[in-house]
């Protein structure tokens, strides 16, 4: 499926590099929540490329096929998105240039004319089903689940006349794209749940610091013992750098070794973040910079006394002066 | 399906509490890798109860329906099993009494008479598909994936004559249970990959310490900032308690708050573990003990100088003596 | 000199152990600031034993000759009193049962009839001279210093008619004891300066906790490197125990090794202090308990959240319950 | 006394600034151990200025009267020299350019013709007496002490015919300067004891790094609590900077506040020392650089993995590259 969808255009020629208009790979097919995240940030003239899997989407940007990729990175209920974290950690380096937040809220949709009473089986992705289980138990206790490869695929199958299920749980954008009827909007077990998506590009430029930024890094520790992790955290603490997320991931082929995906409060343009990164780089086996970018929540980072850029510069000036005036 | 499977018996009367023979709930249906883990530890006379989902399995033990539950907790490639971790963290308290390790290695199976050349579509769970993708690209590049609710379900469907796919990727036990033919054994992208399962019971007895034990706890930090996590780790470090796993999980409904699931090297019978737990309990909002049990790898824990039971007892005796002899 | 001095009685028979009335060794001769500190705490019927040197005074209690010893331990200008600290650290163990604070303020005294204009040379101990140098420069710029073995010795010499100097700098009590005239009271370069004295006894009883107590310990570190001291401090920090004094002292015969004399805020009856001492005892080569006693300033110790006795007991009860209820 | 002493010349004109030949103030009078330390480093043509007190000696260099000052800073038995430490800490800033080590070993000397049997009283400084007390008890149990303002002063008094004592305990250089006879050489209670002296100049040039250097700093902490000192040490530890000495000193007029005099292993030219100093400067109320200079023991500093100059530069280059290549 490679046609214009809503206001977004799919690329006409597969493999042709994008030059003039921005292009975005994303976790497809069209109609996913990732598509919905993408639609919040892409300009009308953008070309979009749905991909089968987070890694495939990221590879589209790695290979130069698209300028950007949008993929989910963390769900406030399910936690980190493994495929995204691991491809960021171990694949060719990409850089996060923006974060996008989308509420976890499904639409129960069906073909026109179908009512809630007609629904015996519901098609959707296993994760979506898991996130609506309580709602289902309350509202449609007898409904059975038919797994599909994505929430959008369930909508597409319904739209094409498939009769293995009568309704689907998918995104609002999928309901609209496929001409389905909304049986229930805002279906969700956890009302405040959100999914965070990241927009990625090849390394090459850094978003300007805004005073409300995050920096994402990936660090590997030889063994995940108390001492090593403690020392890693000390590198942040001595420079007054706070963490907003830390996630451990096993390292493939190295039992007992863990990588850590970490979000720091601050931009790499800031002295305290640079000093912490220098310390981490010196003392860890492996560290990868994955971007500095504005926080979606716009919350300005607190700066502890003694850790502002001015404090760092004054301290360095003092040290430098020891060489000239003694 | 509630009949005797291989040497294991399924319960004849649903809901009747088990008294004489041990009973085990597990992540069903029969034929899953979890079933395979269970078969490594359950006695021949055991009754087994396949459940739809990790939480349902754990609830079977919580409600008294089974004495034990076996569920996956961590995959060396995919990381922690969210449903298990979250139910352990937030549901009624259960206790880990044993860990079981199963290699991640699939069997590509089909009905008798089918050959590799006949295979166009393969039924399996999405996670299994993800873990064999490279193998598929190399060996059966044209094969398509049909998702099923479990790897065992794919085997069952084949056995019942379903023709939506010609082969399934499932466990050796499922192949055998359903009378399928093995097209290829040991299918896996990551040869050394393993899944760790845990055997759970209601709180009430602790496995004896063996000198090669782990203790699992769940801790919540108000905000996942460098300082709070650093202080938590300090509670372990000052007592010489090492970590073998730490995983962060978002706390539902509290953006920015994280829970940590932690494996400590050591048994709660050991002084250094007790002292660390006292420290954690005093300083964290919420801490839950999830069991002390033998390590599957049997590796004895290293004990730093000054942190053996004798060291703790000698130190306490010294303090106690200050009150009598001054 | 072994006669009754003011309201205090000197022992009549050298070497005879004290049984009924309390006896006090102190840094003599009579008339020292230490004598003055002693007079703040000893009952009228007490017997006092002036000794030549801090160590000799402490040995009087060690040998059973006196029940108590009063010696200086820290001067707010000069710092720790080496002889006291080292004898506490390396001699037979004594225990601090009380601290006494005396302002550093001298009396410039002379024989009756002598005036300020007559003063060309002033007898006093070198330390006293050092602490009044600015005052001398301002008030008696031409005055020369004649060193004596103590400030009181200078007063005694004057009283006996010695004419090597015309005035002495000594304590108010010495001026009075020796019948001298005060030329100037409150002579001091540092108006707020104080000397802290400690009252010592053999180990055997602990003063009751008052909520405003200190605990003194002596710890030796193998090498005074950043890591070892850092880890020592961590033992206090993880239990919320604050320090009010830390002093390093070289270890005789072990270049590069240092002992630390440390005052903790809290009483050894308190759980957090006990837990910290257990940790220190386990991890340091050598640790010596030197007493828990009321603070002279009466300031109640701040207790961090999670470090009260109740917090410790609740945490231990929680750990204990893991063994019975699982 | 302002004449040529041995090979060293005293300045002829008081107050005239030194230009051509190096000039040295030191803790006088001539014949002290400080004089002996000075003679180990000063060239033959040097002019020397004995001063009354460490502070007066240091002020001679502060005012420009001498180019250098030599004063004692630490005794391996007595600990830090208060007057030197405090003048370094609070007076006009000076810089340590060299350290000098002198064994603590006294000469018992007398006028020609006097024998050990004639000795009833011994003149010397109180500190010297304290350091030979055991030797005296063993060798001359009946000998009495007459305090003098310095060990050299005792030698001078003897040489001038004073008869208040028959022998003096002083340095070998004093014995020689004053034409006395050695009754016993190498008198000492602690055979391995040493005194460390420092050579000071106005700030203005730094000794070249040798790979076996020390850096001395003075830091003030608001309150000497466990947390503040712990955080200070963390600034060193995260950069792999080791301490070789740490001494606390009360801060005049601020009860409970302490300054710390600290020797770091390393030269301020080294990256890890600079990074630690930047951290200390940012986070402490007051920090003063007191020099980087070769260690007297010539022992090369151990460099932890990840803390060499190359490690720091590589880490910074990595951070810098994030801005250009992304």
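As written, the chains take the letters A, B, C and D, and residue 1 is the first residue of each chain.
Please note the rule applied: a residue touches a chain if its C-beta (ideal position, glycine included) is under 8 Å from a C-beta of that chain, and two chains touch if they have at least 3 such contacts.
Labels paired with UniProt names: A, B, C, D = Prephenate dehydratase.
Predicted model, so just to flag it, every value in this text is computed and none were measured.
Participant: Please identify each chain that touches chain A (Prephenate dehydratase) as well as chain C (Prephenate dehydratase).
Facilitator: Chains that touch both chain A (Prephenate dehydratase) and chain C (Prephenate dehydratase), as defined above, are B, D.
Participant: Taking each chain's centre as the mean position of its Cα atoms, how many Å separate chain B (Prephenate dehydratase) from chain D (Prephenate dehydratase)?
Facilitator: 63
Participant: Counting in whole Å, what is the centre-to-centre distance of chain A (Prephenate dehydratase) and chain D (Prephenate dehydratase), each centre being its mean C-alpha position?
Facilitator: Distance between chain centres, rounded to whole Å: 60 Å.
Participant: List the centre-to-centre spacing of chain A (Prephenate dehydratase) and chain B (Prephenate dehydratase) in whole Å, with centres computed as mean CA coordinates.
Facilitator: 27
Participant: Name the residues of chain D (Prephenate dehydratase) that each touch 2 or more other chains.
Facilitator: Expected reply: 234, 237.
Participant: So, with touch as defined above, which chain pairs make the list?
Facilitator: A-B, A-D, B-C, C-D
Participant: So in the complex, which bits of chain D (Prephenate dehydratase) are touching chain A (Prephenate dehydratase)?
Facilitator: 95, 202-206, 231, 234-235, 237-239, 268, 274-275, 277-279, 281-283, 289, 306-307, 311-312, 314-316, 318-319, 322-323, 325-326
Participant: What part of chain C (Prephenate dehydratase) is in contact with chain D (Prephenate dehydratase) in the complex they form?
Facilitator: Where chain C (Prephenate dehydratase) meets chain D (Prephenate dehydratase), its residues are 74-80, 82-83, 126, 130, 145, 147-149, 190, 192-194, 224-227, 229-230, 233-234, 236-237, 241-250, 252-253, 255-256, 258.
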